[in-house]
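Labels for the chains are A, B, C and D, by order of writing; each one numbers its residues from 1.
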């Protein structure tokens, strides 16, 4: 069989999930077939993305122009290593999450499962669009579509609470992006005349610093998905969604789309030299530092497990934002690696939270005392996951944090260095403490024997936990992928 | 094969001649068919005219063989060919939808009258657009207005009568203002031909009389245009009119009024004269207020039709904002939004037509949860709503992009922010409706209803699809808008 | 309405005069002041007078709704048809010169026909409005 | 007196404002229509008076080389405008009748009061 050109593969990455969702719709009467299609679509997408990756990491840079809505500004797809990494991450975790979702949705007896799978697939398609966006306009377009596609997932249950959360979700994400992000994009288009990503930034020499500073601020605040304070409220709100959604979308795909956009804009629109000379970049990175600490402190006060994880995510996202804004290669390496490390760590935690919910209907941290004895596997995985989030060995999180710390040192930002270290302590306090309570405190209501979540859930948890540890032991591939990027910066 | 000049004449005369024929028909369905065929034919004619002016250039055709200052001439250029196509195209699509909707909403003995009024309204709208004679503008304006009062009054609710009356009073005042303005122009220049007036004004401009004429004409058109704060007639009129009439008028009437405004500002008075006066400042304030106030008021509406009507007030604000920038880019954005908004609002009012067809009401309270029973209609509502908000890949986004670009281009920061803030308000009012339609429990379970019939869904989705198509492929819409704006600014192609 | 014999007799004399005058205004329109609008209203005035004095039902008997509708439409059609005839004969819309080999007489013909159309429509519309209002209780 | 040299304008403005006032101030729909008619009539007068040519005769063609005619164009225009005005009035009255049938009143206050229930 002739392997098609990379451009076609690129287009297929968008088409496969959409076609998949169409077939899911057709098979809505047969749940088993429907879930089968979800899995097949996931595998096909991952295979497709891997195929692209195998070419991209050997130096090919496929491009594809979709349309040209405004003269000179196109909707186009193009691949560079960072986007490739993001696409690989999202498409791989989609398979895992689908397996998990089958167990969860059935175990939890959710309604409207077909709608759930359809919009899930469409969300993934938009994530692919974000990852492969060839210019700022395309990035913006898919960013918005992603928001809309995840909205039905957030409001899945249709309860009053879900609607309220949906309102916050849509309100913050669309408002910030329509006002700040779009303004920044249009302004850039006017200022530069092009929106295509290019290494070293696109702003011409001699652009007024206040213009650049304002633009950077507009971008950082406009990309609400990166959840920098004060635009973080949507993320805890989104936690009313079913757990697979929180796990993949609100721990990985959506939020990563946010920080990925920021990272990409910092690297390919501003470039390191512009960032270094901007006072605004420093203020914003301090704001990111503030978000890291503040979100951690809020997280401590949350008894609801998913809410605590959500605030932890907010804090972790600012790691990436911070790294992106520092603008040196160590920080960018750290930020890119952190996208991956955090993804595996956090998805494990969410999987565990969902497993606890399905098996024991427990939502709050205070109810988890002694649960380790009933769910040893889940609690063990939770432990590994929280170590990774805290950035401790033997997990992947350690490496990314290492590079981020190096980045702050390189940039001479002592305050931020301390922020990162303090954050580790806070993480230990509010995350690592949970499995410790689970294993060592006495059980509140006695349960006889071991009762774990359905098997698909456990498989998913197993896979992500293994990778979290695996990336600690064998970080070379990830590092190479990222440093392949770094040399081109 | 008729010559292009004759085609221009047909644009007015054919609907005018078919109107009495339809009037004589007793059978509503036959009347509908004749109207539809006429409207589609006019769309074809308009497209021929547009192709001609784009490739060959503007042309003039005389009525009765009398040359310009004495006779009436029709003058077709890029701007009005574009508007002609919008008007006749929207009329055709809405008419495809009309048969079943009208059969349900209007008594059988009044249906042919309804279609007669429709054709007369179409004649008037096309006439205002195509004519090159200032007084003729007034006449055609009144033809379209009188017939639209009739169309509105045919709504089932008795409030249709009062809102039609209100519109009649306001509309007549507006038209009379325009008449006064034209009168002053006639007194100053001694001619009624627009091109002539403009030529003669260049010698005498900036006298007090001309400025008075300008003020009267702008205020008069403002009334017809529902320019804030002269919009008070619009929400009721759109809310209580028959569904198809709302869709038709929302998609065309205000667009033609905007065209009239442009025609007077740019062609008759001339760019320099108009913008020497504080026109730009006035328009910017009024249109920003329209965007903000119209959207905020829309949030609190309990009737979906009224909600869309107030949203129209806001959307007209966007168009005027484009005009107020006084640049070619702004003008182009305004013209583009004329087209885009016609597609968006036409589509959305047709969606409401589907709801009204099945449930007999557009009241949000009575429709709660009904979205689930009509998934395709509801999906169309969402798609149209997203376009109204200005989400990417819809026409609304394209308009906003062009408008923000134009505003930033001359450094009008706050204007760009107003445009974007309008989107936020639009999310609120669109999403409020979406939530009620989908998530609220069904208010009345006994009424299990099927999806709207295909005959209604197809035209609805045609417009909604156009929304998406023109959100991605903007070659036609932006292309023509650019050429037209250039033509208005410089008088050359 | 009261059946007042004085009114009835006088209007029986007046109505033909009004109609005659209306016809004069109508057909003399291309030579002097007058034309379809004025003549139409005069024409209608005769019928309205008739209706006021002899009762609305007598007018409806003479001009039932269907007939009235036909007249309303036909006037416009005459007007439009003239325009199309001139188009067909190679002139502009309503370019009367082509109606006859001798230009000015073409103008006469054209104006006469068009004004006839206008007169018919105006008269029947005004009568229709009168009936529509008067018939309601 | 210069201010009276264009007295036709004063008449037109007086009528116009009278009509406008009635339209706004009167709550009775029929009176509103009457006001609207006065308002329109003022504009007709404005036009026709603008067509007057000093010492001009009515523009009916006569034998003779240099007769000064008044400008006929305004009359023609206003004839059209009057017809439009008649149409508007007829439609307005028709609506008023229908409103009377639907609400039992042509007073705006009564109608509003009924709508609020």
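Simple rule for what comes next: contacts are C-beta pairs under 8 Å (C-beta built on N, C-alpha and C of every residue); 3 or more make two chains touch, one makes a residue touch a chain.
Keep in mind that this is a model prediction, so the values were computed, not measured.
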In terms of mean CA position, the chain most removed from subunit B is A
Comparing the two chain pairs, does C-D have more C-beta contacts than B-C, or is it the other way round? B-C
Based only on mean CA positions, could you tell me how far subunit B sits from subunit C in angstrom? 36
Counting in whole Å, what is the centre-to-centre distance of subunit C and subunit D, each centre being its mean C-alpha position? 24
How many angstrom lie between the centres of subunit A and subunit B, each centre taken as the mean Cα position? 44
Could you give the separation in Å between the centres of subunit A and subunit C, each centre being the mean of its C-alpha atoms? 79
Which chains touch which? A-B, B-C, B-D, C-D
Touching residues on subunit C, where the partner in the complex is subunit D: 32-33, 37, 122, 129, 132-133, 136
In the complex formed with subunit C, which residues of subunit D make contact? 58, 60, 79, 83, 90, 93-94, 97, 101
Considering only the defined contacts, which subunit C positions touch subunit B in the complex? 69-70, 72-74, 76-77, 80-81, 83-84, 87, 91-97
Please name which positions on subunit B make contact with subunit C in the complex. 5-6, 9, 13, 16-17, 19-21, 23-24, 61-65
Contacts from subunit B onto subunit A in the complex sit at residues 386, 389-393, 398, 400-402, 404-405, 408-409, 416-417, 420-421, 423-424, 427-428, 431, 435, 439, 471-474, 478
